[in-house]
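Below, chain A partners chain B and then partners chain C, in two separate complexes.
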Partner chain A sequence: MPRVEHGWVSVFFHVIAASALMFLLLPIAMMFPLSLEPGTMLRFPPQGVSLHWYSDYLKDGAWIASTILSFQVALGAALLATVAGTFAAVGLAQASPFVRNAALLILMSPLFLPTVVAAVAIYGVYAALRLVGTPLGLVAAHAVLTIPFVLLNVQSALAGAPRALDEAAMSLGAGPVAAFWQIKVPLIRRGIAAGAIFSFLISFDEVVIAKFLSGTQAVTLPKRMLDGIFYEMTPMLAAISVLLVLMNAALALLALALVRGARKDT
Partner chain B sequence: MTSPNPPPVASAVGPVLAVRNLVKRFGKVAAVDDVSFSVAGGTFLTLLGPSGSGKTTVLRLLGGFETPDAGSIALGGADIGRLPPYKRDIGVVFQRYALFPHMNVAENVGFSLRQRGVATGERARRITEALEMVGLEGLGGRAPSQLSGGQQQRVALARALVFKPRILVMDEPLAALDKHLRERLQDEIRALQRRLGITTVYVTHDQAEAFVMSDIVAVMNAGKIEQIAAPRALYEAPRTEFVARFVGDSNIFRGPVNESRMRLADGVLIAFAGNGAPPTALMVRPEKIRIGKAGHQNAGDNLLQGWLIDMRFLGDACLYRVRAGAQEIVVRDLNRTDSAHFAAGDEVILTWPAADTVPLS
Partner chain C sequence: MSTPRGLGLLAPALLLVCVLFIVPLVRLAGLSLGETTLSLHAYAELFGAWSYGGILLRTLRISAAVVVGCLLLGYPIGYVLAFSTPRRRALLSLLVLLPFWTSVLVRNFAWIYLLRDGGVASSFAGTLVGSDQPVQLLYNEIGVMIGMINTLLPFSVFPVFVALAAQERTLREAAASLGASPARVFWTVTLPLSRAGIYAGALLAFATALGFFITPALLGGGRVLMAATFITQQVEEFLNWPLAAAASLILLAAVMILVALYRRIAAFNLPGGEHAAG
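Take a look at the complex of A and B:
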């Protein structure tokens, strides 16, 4: 990219960039003042300053149950997707190009298939299997949805673990299992961790599939929030949103640091 | 650099390594096409050839990283052709060293001992010993990335030798190093190999490297071994035009053959020391030819007249290009005090003995 000259052109681009950032961040930042509203209506500017919606959330059994469920589902989905995605990435790196491309197309399909289509399809299958409204059903569906993110992260990490290192390990007496755990895994661990964090984040925030599969028993946090928008729109939603934004930002930063570190290793 | 190569310690129990009719195809291409050779105990054998000649594939078959389509590999009498790499007991040094980046030098060297369950104390002792052997004592705590290319190569060598493998195989281990370091490591590796008496198969595309290091050189071309012989025999008596051209410089003559004479296009006869089938071509090395002023008769069985196209001064020698009839001939004349000097355009005569004219098939 050509270096931008100083002067009005530079100012112009800075203004555009700043505007774009504001456009992205302002609605999210708005959540914070909205969550401080003492009344029952979402209002800006707030009529006072209070943290009682935060404590109401923490004291509400149904909301906390949904929160715990979301953590369980997201952890389960991340674990499942990380194991499956890592093995897939490592295995496919050694497959023939035809097999590799075919398998990647299938595994990556959640990225370009509309989630609502997947949700309807999964709902149909789950209804027959009696998995609707079960945490296990959500874990499996979310794992499928997040495998592409593990796959992409591990694939790029594999550049730092060339095949020659496996061969070296095997020539030195390590069987395939020892070579995998002692050479491959340590070298791609940052990619695996980054993939796991992305999986967790995506599952935790996922609402379309949850909307279909939650039933009355397994209502995740985003699903309950979505319902809340329709039935009881209070500043508590803003308070929960602020907490979610903080958690997501922290995890996303961690994942980015891991991806950067992995790149530095190679 | 040339070392008088004493014959390797003869092994009474036949070859340590015997490769028979080895074939490896990638798709329709036979990368290794019916290759057979055997290596006596303690011998340093080099597979020499251009890229794509199949030498690295032979090495990968030895290491167990590829499975042969046909043929056998016997190590100490037992067929290992289908064993996985971790059951072969072969030390491998890879082209780009392939050191484990997440382990320090000592952990790299000790990796094979850990796989074999060698106790911690014994392991430490053998790691120290191996690092001393390659001149890296005290560097066990370093990360591979903190070492120079030459040091990394030494670590790779120590790692491949520490578990006392039955043979050592090396795939162009010095290709990434600069000339001086490469020559030093050639000597070091050769000295170490002699001292340990370990049977070694080495791969390179560098003829000088192959000659300096090896007892036996196998020249490979298009998946086949063209010729396998000691360096001197390979140089003095190449059997095929490919070997003659790939090993050293050469002048090639073609023409109809009648008994031990070849008639060139311009009618000149070239004598050669021949026996057996009539050759398809003749070869003479540039340094075997003597160059002289026209009119001054030099002794020699073969004589060509021509004129000098150009001269390159190399320091230790002059390289002349001479046009003789339809042929262009390269002559390498050592820079001695009494060497005559020639300039482009000079009329010259070239002479050499019939015994130095090598018939090629």
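Take a look at the complex of A and C:
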């Protein structure tokens, strides 16, 4: 049983915490009723119950093209970041303290520095190289942004994994490549998978870099939503929001379960 | 050995981050010193003009208010997490993390609807301040602050939780056995000992708030110009790269100082505290 340790302070904090959680969750929950509106105006409560904004979305060529592009970019970015990030995490564990600290500082910097500055900086380079509006340009920029998340997840998986097993395999005659793929990777697979999922999620939802790099040719789903919110608030945006909320919640739950599983393995 | 151990494995990631992040940033730093000839003109312009000073002050003011809001709401959540059974803690942290992993656009879209003129929130706020007129909550600083607190709240929850969970219960028991009332135990023992969590949460939220772009643009409706909006405007509308670059570098420097401070606090007092950023 939770013990009340601080008298009225504890009671007061429980009340505030409950309200704060409502404040966090309410706007997201609002999307569900708003998306059922049969008319063209956002209304709460909705005037009726209709799923036509969902089918309108699925029939709209431009929205679907953006959705498919976002999936492609997010899958590409997650793949690139996961491969590079996993190698890097294993490399960090072997490196000398100096190399480790310097590499960490560089690799983690995209996590801490303002995305808008990164977006402007990359945009400047891409404009010169004619990479604005290309899916490949988005993939590369998003991969850089999400490498820190792969790194964090794989690092904590490595910290929990038994260290000497790959060395034991090598002393029994396995080459370093075989030891890596057959021993190391299976040991940290949950951390790798969690990093890949977080990486996918971040890229799929990313809007600041996409705003600069999408151009007119490669408009991702968040970029199209941003324009929609600016110019025309329709219940279709609520319907898309519901789909996004459900997908993100499912993927985040899966990744968090993997993180927890990786911890239990140890 | 000719190359340091691990460098081969680190190479792909380092190459990606350097080519796509570090080099563009260095190029931006170069641009801030003039496009053709070397000069500090852009910085002089940035610090010389009153209107730019207003943007800087507004960015600092909004970010500071957002940090206060995050702590007032986030500390109680961190507190409840720390003093919960493991089962309830797992459930409650999910309720904090799921919004964190929800698209910022979805939340901003919701706030535009919730805060609009004549909506429930603006009428309710009108009643609260005792006027029969609805209070405007959207397309001004209040709306921007509400949206930013909503996004940054998890950043202040987890450092506070970590600091509180790491506390020895014997300290509280000692205070209670010496006759302190439960509330006094909190104010004189528990709260002061969770200072590191408060500072870390505040720094993390403040550093992130300074660079906010989407929320001020959407909930400020073009009327609340913050640092990131200014940078974007200079690039997209005025094509003034040196000014945009100079403003970017100042923002970058401010955030780097805050992050360095955060890491000092986190390293000493919050084992694993930086995971809150993820």
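A few remarks follow.
By definition in this document, the second predicted complex is superposed on the first by the 251 of 266 C-alpha atoms of A that agree within 3 Å, B and C clash if a C-alpha of one lies under 4 Å from a C-alpha of the other, contacts with A are read in each partner's own complex, and residues count from 1 in each chain.
The rule is simple: a contact is a pair of C-beta atoms (placed from the backbone, for glycine too) under 8 Å apart; a residue touches a chain by one contact, two chains touch by 3 or more.
Since this is a predicted model, take the numbers as computed values, not measurements.
Room for both chain B and chain C is found when the two structures are superposed via chain A, with no clash between them. Contact with chain B, but none with chain C, is seen for A:Ile183 once the two complexes are overlaid on the shared chain.
In the superposition on chain A, contact of A:Phe198 is made with chain C only, not with chain B.
Looking at the superposition, the partner that touches the larger set of chain A residues, chain B or chain C, turns out to be C. Applying the stated contact rule after C-alpha superposition, one finds that A:Ala164 touches chain B and leaves chain C untouched.
In the superposition on chain A, A:Ala174 contacts chain B only, with no contact to chain C. In the superposition on chain A, A:Ala77 contacts neither chain B nor chain C. Taking every C-alpha atom of chain B against every C-alpha atom of chain C, the smallest gap after superposition is 9 Å. Those residues of chain A whose C-beta lies close enough to touch chain C in the complex are 1-10, 12-14, 16-17, 19-21, 23-28, 30-31, 34, 42, 44, 80, 83-85, 87-88, 90-96, 99-100, 103, 106-107, 109-118, 120-125, 140-141, 143-144, 147-149, 151-152, 198, 201, 205, 207-208, 212, 222, 225-226, 229-230, 233, 237-238, 241, 244-245, 248-249, 251-253, 256.
The part of chain C that touches chain A in the complex is made up of residues 4-14, 16-18, 20-25, 27-28, 31, 72-77, 79-80, 83-85, 88, 92, 94-99, 101-114, 120, 150, 153, 172, 181-183, 185-187, 190, 207, 210-211, 213-214, 218, 228, 231-232, 235, 241, 244-245, 248, 251-252, 255-256, 259, 275, 277-278.
Listing the residues of chain A that touch chain B in their complex gives 160, 162, 164-165, 167-175, 178, 182-183, 186-187, 265.
For chain B in complex with chain A, the touching residues are 63-65, 84-86, 88, 90-92, 94-96, 98-102, 111-112, 115-116, 159-160, 163.
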